[in-house]
Amino acid sequence: KNPLVLLAGPCVLEGYERSLYIGRRAKEIAYKLGIPYVFKASFDKANRSSYKGFRGPGLEEGLAVLKRIKQELNVPVVSDVHSEEQVGPAGKVLDVIQIPAFLCRQTDLLYAAAKTGKTVNVKKGQFMAPKDMKNVIDKIKSAGNEQIMLTERGASFGYNNLVVDMRSFPIMRSFGYPVIFDATHSVQLPGGGGTCSSGNREYVEYLTRAAVGAGVDGLFMEVHDNPQEALSDGPNMVCLDNLEDILKDALAIHEIAKKHF
Amino acid sequence: KNPLVLLAGPCVLEGYERSLYIGRRAKEIAYKLGIPYVFKASFDKANRSSYKGFRGPGLEEGLAVLKRIKQELNVPVVSDVHSEEQVGPAGKVLDVIQIPAFLCRQTDLLYAAAKTGKTVNVKKGQFMAPKDMKNVIDKIKSAGNEQIMLTERGASFGYNNLVVDMRSFPIMRSFGYPVIFDATHSVQLPGGGGTCSSGNREYVEYLTRAAVGAGVDGLFMEVHDNPQEALSDGPNMVCLDNLEDILKDALAIHEIAKKHF
Amino acid sequence: KNPLVLLAGPCVLEGYERSLYIGRRAKEIAYKLGIPYVFKASFDKANRSSYKGFRGPGLEEGLAVLKRIKQELNVPVVSDVHSEEQVGPAGKVLDVIQIPAFLCRQTDLLYAAAKTGKTVNVKKGQFMAPKDMKNVIDKIKSAGNEQIMLTERGASFGYNNLVVDMRSFPIMRSFGYPVIFDATHSVQLPGGGGTCSSGNREYVEYLTRAAVGAGVDGLFMEVHDNPQEALSDGPNMVCLDNLEDILKDALAIHEIAKKHF
Amino acid sequence: KNPLVLLAGPCVLEGYERSLYIGRRAKEIAYKLGIPYVFKASFDKANRSSYKGFRGPGLEEGLAVLKRIKQELNVPVVSDVHSEEQVGPAGKVLDVIQIPAFLCRQTDLLYAAAKTGKTVNVKKGQFMAPKDMKNVIDKIKSAGNEQIMLTERGASFGYNNLVVDMRSFPIMRSFGYPVIFDATHSVQLPGGGGTCSSGNREYVEYLTRAAVGAGVDGLFMEVHDNPQEALSDGPNMVCLDNLEDILKDALAIHEIAKKHF
């Protein structure tokens, strides 16, 4: 009843073997704690700061890898789409279709995702007020889909910085759909690295406990066995070695917070 | 030398006759003042706050109308694209392809627009630091196109509010490409109307004089003969009756500011 | 070890009897839960939005009331000072001298407070980065006082809104002094009521659980038996009837978070 | 008719001779352009980031220097006060009493300043919405003084950064009192230097032209013959060698903008 869900995996697919390895470990940790697990990885980083950033294997190869991991680990998978064209093929493999924060107001993309009948997870734009996500929900519902999740990943706070407004959790949960906290993108420093985004991994654990205290339905984390080697978003990724401790605290706080659900 | 350019028209195409009427009047006012004029109108508002907002005639019909207006008025036209698929057809009609602010980091869209060989005008995201637009320029240049314009349209400032940071003009102009001030979107109050964005048209003239004082290469304005009747963005649109006065002041200030270019 | 402290009371002194009543109930609730309690009330609201706002009994009468309450309840008391002149008399009664957020960089006020030898609790300015509170600490230490507390009460987020950046707790705790979360001022909407500040009491419980999850040493709350009747800050005050529930959750989460201290 | 006023001088008094030298040059430049000039310098920097920052000569000696400069240059003088106690002596020398931004809501300080009968110039707090300065005006008027000026010096924009919202000029001018643009503090990066504030002098000219375009009644600038040597706020000060050029442009733009007054 009201379990805390975990969406986790490498930021971008880094080949079948390594991605599977990361997913397997994340699953083991989650299951050990009784946490439902969804494997997450992007097949295409379509909005890197710089055109030189690694983008991933692309739609076709990426979906093939996600399908194999899904079967091998026997878990649902989530990935993000960036155009209507990607939604059709993606909907055949993914259990959860994720709409990136920058694209959270693109009506056609929301419609296309909704029409797949799969769960649609929309990241709140860095430029959006929490209450305005109600309009996003209405767009998805108007396409006949009520399988909706919203994800908080920080709001613009001056330049090259994000702040997580904890009021967003009760505000967005009041719409009646699960709300996820994206703990690793929330500590990004967008553009903070000049030609790439920087980040502060050390705050992930603090923000996670805070968000769970405010009340969330799940956590989203980019994890890696060696974040220094990660091909994208290394500075804000969580090391797999620390995942269990972070989740244990989150679970314990969730027990307290969910009485108010 | 260093003339101030005007990109103006209705927010969204409102039929050939009315759009032409608006464009004709805007052109007359601009030409009377010696200002180069580009007709602007969207064929599709792809990211309205609510799914019930008017979206426009769509790609095919919209481009046909834009083509007729371009020929009838004998002026260049600019419009915004929202997917790679739109870029090909759009590039056949438009002189300037505009990338919406929310999409300013979508690498594939920037590449596709760049590949048309047309001028690419990128609106700075509400979530972007001015200096980080350098990465956007590099994406376009890496696709072999140096016909680039950047447009300031305000930065996220808390919720449902934008602020124009006048430092962004010298910062972005230092990259070597023309910088435009979008005077009407900058006074938007995003989501401020609940299921639509509200706005403060009364500040357009102040922000325009300020931006031109800081130093810009052009102005972008959504204009209408009767903003109350406009099918999109009425609260922040400029009435055609006021356009000449706003431009006269802008021109006079531009004469002073451009000595520093 | 590492107990959670509570600083609570009416925003402004509302006469001896009612203030005592509020303090007695707050103390009972805190002690029942094993929480150390400090009575809080202002004798003078020196920076109300409007000059018509109720300001309180003033220094002399206010300190007399605080002294009686301190003796009657046998608890330490905290109140805020606004000028060097107030510090001397205040230091004779108060156990904790509080520096208001707007005044957190006033060197002479900090020095004067430090020189009393009492604990100095500085509220972080709405305009301050958490890391910059290190300079405030150094000012107090340079006056020979190491009894220091820092309090988070939200950062400016656009106009008429505050956001609590949960990263501020680990950042400020790293300086080596206790950090308090001011749960009721953090939900203020400064100037949101035109000639007074408005607020969102409903978010107090969420932000409290979040802040305790991130890790704090104490909570600051303005409480009242009937917030509608409060003479100041009613819209963001906590009703005494809800205090025990809020503290119970906070305590339970604190048990989890303090393992990381 | 609607001349542009200049308030300028060193940030802090740096001895009679050097302060006089700076004031004399600033006056000459201003008068040459027909601009009314007010000498500005602080006698005490009461809120430096660090306790080690230079604070100035203090009240008594500082007022004596200001009095001599006022007589020698035959111009009005402005300086800032930080406590009610300073207001009495300051009111005997100063023509304009300035309330620092952090203190703009301190009711007693506003009252005391108002009671001197001198002009009161209030800097808008970095945490204040422009419309809320109406309450500040009402505080001063309620003390029987209508000689009021408001000064814009930037709003908090994330951490360690300020943004000048050009809408603040028409909003604050609508209250019926002169509005000044503080061009040098507006380019400060508060706390940006660790134990001191940093700044971006290079943006002063851009923001000045922008603010004058939006419409102001005067400019406030900290100037120095050698900003590198300045004892406070060097990184954002204007070099006297550049003052004339900045003012010339400002005057020319003011001619255009003031038609709308």
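Going by the order they are written in, the chains are A, B, C and D; count residues from 1 in each one.
One rule holds for everything that comes next: a contact is a pair of C-beta atoms (placed from the backbone, for glycine too) under 8 Å apart; a residue touches a chain by one contact, two chains touch by 3 or more.
Just so we're clear, the structure is a prediction, and the values are computed from it rather than from any experiment.
**Q** Just grab the chain with the largest centre-to-centre distance to chain C, centres being mean Cα coordinates.
**A** Following the centroid criterion, the farthest chain would be B.
**Q** Call it same or different for chain A and chain D: same when shared residue numbers make up over half of all numbers used at their interface.
**A** Answer same: the two copies use largely identical residue numbers here.
**Q** Tell me which has more C-beta contacts between its two chains, B-C or A-B.
**A** Top pair by contacting C-beta pairs is A-B.
**Q** Between chain B and chain D, what is the gap in Å from one C-alpha centre to the other?
**A** Centre separation, chain B to chain D: 36 Å.
**Q** How far is the middle of chain B from the middle of chain C, if each middle is the mean of its Cα atoms, in Å?
**A** Averaging C-alpha atoms per chain gives centres 48 Å apart.
**Q** Averaging only over C-alpha atoms, locate the centres of chain A and chain B and give their separation in whole Å.
**A** 33
**Q** Touching two or more other chains, which residues of chain A qualify?
**A** Answer for chain A, listing residues that touch two or more other chains: 155, 157, 159.
**Q** Which of line, ring, star, complete or other matches the graph of chains that touch?
**A** The chain contacts form a complete graph, every chain touching every other.
**Q** Please give the residue numbers of chain D that touch chain A in the complex, ascending.
**A** Those in contact with chain A are residues 157-159, 161.
**Q** In their shared complex, at which residues does chain C touch chain A?
**A** Checking each residue of chain C against chain A gives 155, 157, 163-167, 169-170, 200, 202-203, 205-207, 209-215, 249, 252-253, 256-257, 259-260.
**Q** Which of the residues in chain B end up touching chain A in this complex?
**A** Going by the criterion above, the answer is residues 46-51, 55, 82-85, 102-103, 105-108, 111, 125-132, 135, 138-139, 142, 155-156, 159-160, 190-191, 195.
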